[in-house]
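In what follows, a single structure is set out as structure tokens and then discussed.
For clarity, chains are labelled A, B, C, D and E in written order, and residue numbers in each chain start from 1.
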């Protein structure tokens, strides 16, 4: 297993947002995380990426216990997160946003003496081209529309060549067609990377994921292949229930 | 015993003075996110107005009543002309208000000739209880501070003014989209903070005499108090001011004043380091 | 984190509309016009030229004054590095400047050490050490520190140091340490004058070039990311806090270098030099000139000092008021500093990609 | 200008560096006014060595860094022949090197101070601790009591003065109950007042300075110190500082200085300069001893005498003459430099505040020795 | 009869870059209108211009028969325009309760809040939580609820269902259809089906211009449509 999160509990004051949730993701697996609003998906993602400290539970990644790691250490171990709320670096150019993400793990020496700068140029432009942002490479990121920012963020999250990519609602605000394109963009990374993706769009999830985990009220309701989940009656139930 | 009582009173009264001074600063810092370096000069102006009425032969209390209104009005005007441009950039705001403070301070220095001038208390003398003497005016200040604090609290918690202020300062465009007139709210809040400073200046000038650096003297102490108390609420800075004020009056009772002076700041900064949200984490009023 | 971020973004949004929109529009127009053309190198060249020629045309006393200003420009540079590039608001930069000044003054007073090759490194080291300590305390740790915390923390640090210097007898208390012997090189004494001027100018140019190299390297990009959103880049794997501590320490070292030069040039040190007044002054230089451009810091120092020098001559009793008004006007109408008259936003933030010129044909 | 059309040479340049802005601007402005008055007087009487005097005034702004820059203007640009100024000791320290050592110019420091300034070419014309304490403290013991408290601002002047004062107190049979230092801007003195009251101190020999001194005296008064017969003493208190407190709060405060305005009643020369000053400068900046105004007057006049004696204006000659210069008339009486000491003998007066004015209660027999260097 | 909201030849943008070009649209007194378009087409920009967050460069925005293109946002809102922004749509540091209270500042009707809570029961459980810590979907619900509390006569919704769970989307859709019977609703939505269920009429923006418009069904069936929505 690439990622094993077990018994994750997260308490906010009176509210228990996660109550013993677990998530297992294998190598090169695309894993969907679904569930009603407030079921704890984002919180679980944050606990994995280190943005929140779980009250209880253990996260291990590539067979290392990373529960006590800082976000930086997790990123350096090969984890990358796209937040639900977009957070690109607004006054930097798109180019620099990608470049920044690309060389996050360079040594201080490399940074100061800029030894990687030239070599990265093609990578940056490739990423921008892939995400159809190349013509705006030298605009400030703040000038992008919401959907465009989502793409930029995915590109940035991918830039660091993570072993595990965590995407929290990457297609929010995208049209059907754009979702399709996003799906296509994500497919090729399967060769070198696993993915955990939170999405409400079931069609999208179905198309790209191998396995799904369903959260409800902080607990795992079901976990399995897409067809297993579709057949699961308790899952069908919550789809009918009002939030 | 009697001694302890006097000590407690004196320490408390200085605490109250600091609270009074920090009230306006805290409101502007907490609610508007502006660390107003000119706040000390609003205190100074309040003091100066009181002095003027006294020098013109009018009753002092009249000056004390007028001070918050005049300074508040000035605050309203300054907000519209100057402060308004700073909301997006808190650091620029610090520098801008610093420059503003410099202008006011030097202008007042010119007006009072750089002197230290006494202003008598409207209620002078001391309250004698046996062998103990308690300053009548300091006692009055404690009472007024409590009253003003209470009123501010009510205003912010019981009326929709507080709600509007918080909404405006948190997300101005959304506030406008909720029908709140943000320019008016900004102006009113700043004016309110300035008026409180003016009131503080008016009340403390009999204690400390009038001089151009009167407000400046309390500024850094005020900022530290706001941080210790916690930015983002009304109560936070008040609590912080109470702690800093009483601490800086109390420590000299037990150690060399020079050491006490530095110690207060060191303690404060260490405290903030380990509790960045301050005494009272900033929510609500 | 999202909460804070959201609030900040909201602020930025707010800036985009209303009255600001016109300013932004003009700026962008500037940008467009200047796309492809670089303004900064031209300004830098002009300033250097002026600095080189200054002693030839200035009267002696003005050369001495100019030396002082250049030292202050060096000091301003240290602050710009920390604030303009890394977004760390050091409201206590004087602490490093002044403590280095005190350090070399003590070396000169108590150990008779004035050799330039000893005192300048010593001063730099003192600045560096103090910055490392204070920066380590304020910037590292579990909770990432807010801008306001850091600014008030450094301010308080500088305030407390000022108090300490005033109270501490060994340091001369309120009166400071007067009559410091001149800095020496063998038997040559650097007294105020053209030699000192060119020495200081040489140092400024070297430090400037080093800083310029640093902020234009990929390290500079990391700093830019830091300034924009510290938490975000931590999630990429940057050791954000370390980067901050590093740049803060470098800033302290530069301030220390400036402080030791200042102590020898002026011949005395006094508590204000570590205190809030000088701390604020350096912030003003940088803001006035334009933060985030190294040359802006230099220009700011020159103009603020020059203007106060002139004002105190010509408006003797009210010059602080006039100075305050000028500052206020610049801050109000040119929040990005005087340099923004000629420099567009894009060039100020800079662009860190390689071979960007070839790619620049994009709209 | 016309009257000087046939002056022998170009004007003699007098530099004044003082606090025209900043926290002690009231004193600095008074000093600058005195200088204008004296220079005008000398020029009206035909100048010096047949040459007119020209006055150059620069601001020290209570900011040492600004001060050094501005003083250099005097020295290097205006090339003045002498600089007089600086009020606080820290200012003197900051500017003395640019003037005396690096600037090779004569420097006169006019303010009462802690003593121990023995730099060549630096002449002090204000009172020293010996002059302020030697007769004052015995008077205090007689008219106040034996138990002294020395509350002080934490800087050089109080520290050094207190060392001297303590010696005098103890050698006159008095006792120092406590000596304590406060940050310069401390404004709450409840702990101190409490110690004073509970230790039954007779005399508070105060060296707390503004802004703290106002609240300190007030708290002391409110605690009943004066009512119980305590005596306040403060050696820098002059007419400028009287207004810091209401008259009742400092009733009976004793000070010891080289001049008080009441002297105009008995001393025609004092009446003359006081009147001249008030005519020329009717504003708020008073001609007062604690603000170095009298020291400035004395300094300029002593320098005038020295230049006259030397017959030339170069530093060596003037310094040599100034070393033993005398004036027969000055504020408070005659004054003369103590040869080799670069300090000044003068008459000293003890005065007590009575409902907002001073009354002279004691005076030295002749000139008092500064006992410095 | 004039349209309720009448936009004529509108140009707008950010700084120097123009985003909207000669956009004209009319919104009737009641009923839903959908604004469609791919990412970056200018939908959000249009909304911001209507509500006054962005100034109109050229053209006219008339609301209820009066030209409002020079009025401040808050005045437009008080005149009856409600707005749910796409991003930053809640007061993050304020509690849910206070967010709702801000929404109902203008109206005297205290039971309105209860009605909103009945629609979004989830919010009822989160009343004292800072809105910034709400989950993505909860935040949207809050934003919609807040806008509804102002009793708007015209409601602008910029992607109201982004990040919202299917079950709730259904709920929201029903509410909007209901609302559109009594007031005017402009909805920007990626969920084409949802948008066209709420809307009677639709505009499709492409690169800042109105590329297509017509009755909802008509637009749905238009073969051109997909060309404008695909990137």
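Just so it is clear, a residue touches a chain if its C-beta (ideal position, glycine included) is under 8 Å from a C-beta of that chain, and two chains touch if they have at least 3 such contacts.
Per UniProt, the chains are A, E = Branched-chain amino acid transport system ATP-binding protein; B, C = Branched-chain amino acid transport system permease protein.
Computed from a predicted structure; not experimentally measured.
The minimal number of chain-to-chain contact steps leading from chain A to chain D is 2. Contacts with chain B and chain D are shared by C.
Taking the mean Cα position of each chain as its centre, D sits at the greatest distance from chain A.
If each chain is reduced to the centroid of its CA atoms, chain C and chain E end up 47 Å from each other. Chain C has its Cα centroid 31 Å from the Cα centroid of chain B.
Chain D and chain E have Cα centroids lying 75 Å from one another. Among the residues of chain E, those touching two or more other chains are numbered 14, 17, 53, 87-88, 92-93, 130, 133. The set of chain A residues that touch two or more partner chains comprises 84-85. The set of chain B residues that touch two or more partner chains comprises 106, 170-171, 173-174, 258, 261.
Those residues of chain E lying in contact with chain A across their complex are 14, 17, 38-41, 44, 86-87, 121-122, 126, 129, 133-138, 141, 159, 162-168, 171, 190, 192, 226, 229-231. On the side of chain C, the complex with chain A involves touching residues 1-2, 5-6, 9, 12, 214, 217-219, 221-222, 224-225, 228-229, 231-240, 246, 345-346, 349, 351-356, 359-360, 362-363. Of all residues in chain A, only 12-13, 15, 35-39, 41-43, 84-86, 132, 143-148, 168-169, 172-178, 181, 200, 202, 238-243 touch chain E in the complex they form.
Of all the residues in chain E, the ones that touch chain B in their complex are 51-53, 72-74, 77-78, 83, 85, 88-95, 98, 101-103, 105-106, 130, 146, 150.
Chain C meets chain D in the complex at residues 59-62, 64-65, 68, 163, 166-167, 169, 172-176, 178-180, 191-192, 266-268, 270, 272-273, 277-278, 308-309, 312-313, 316-317, 319-320.
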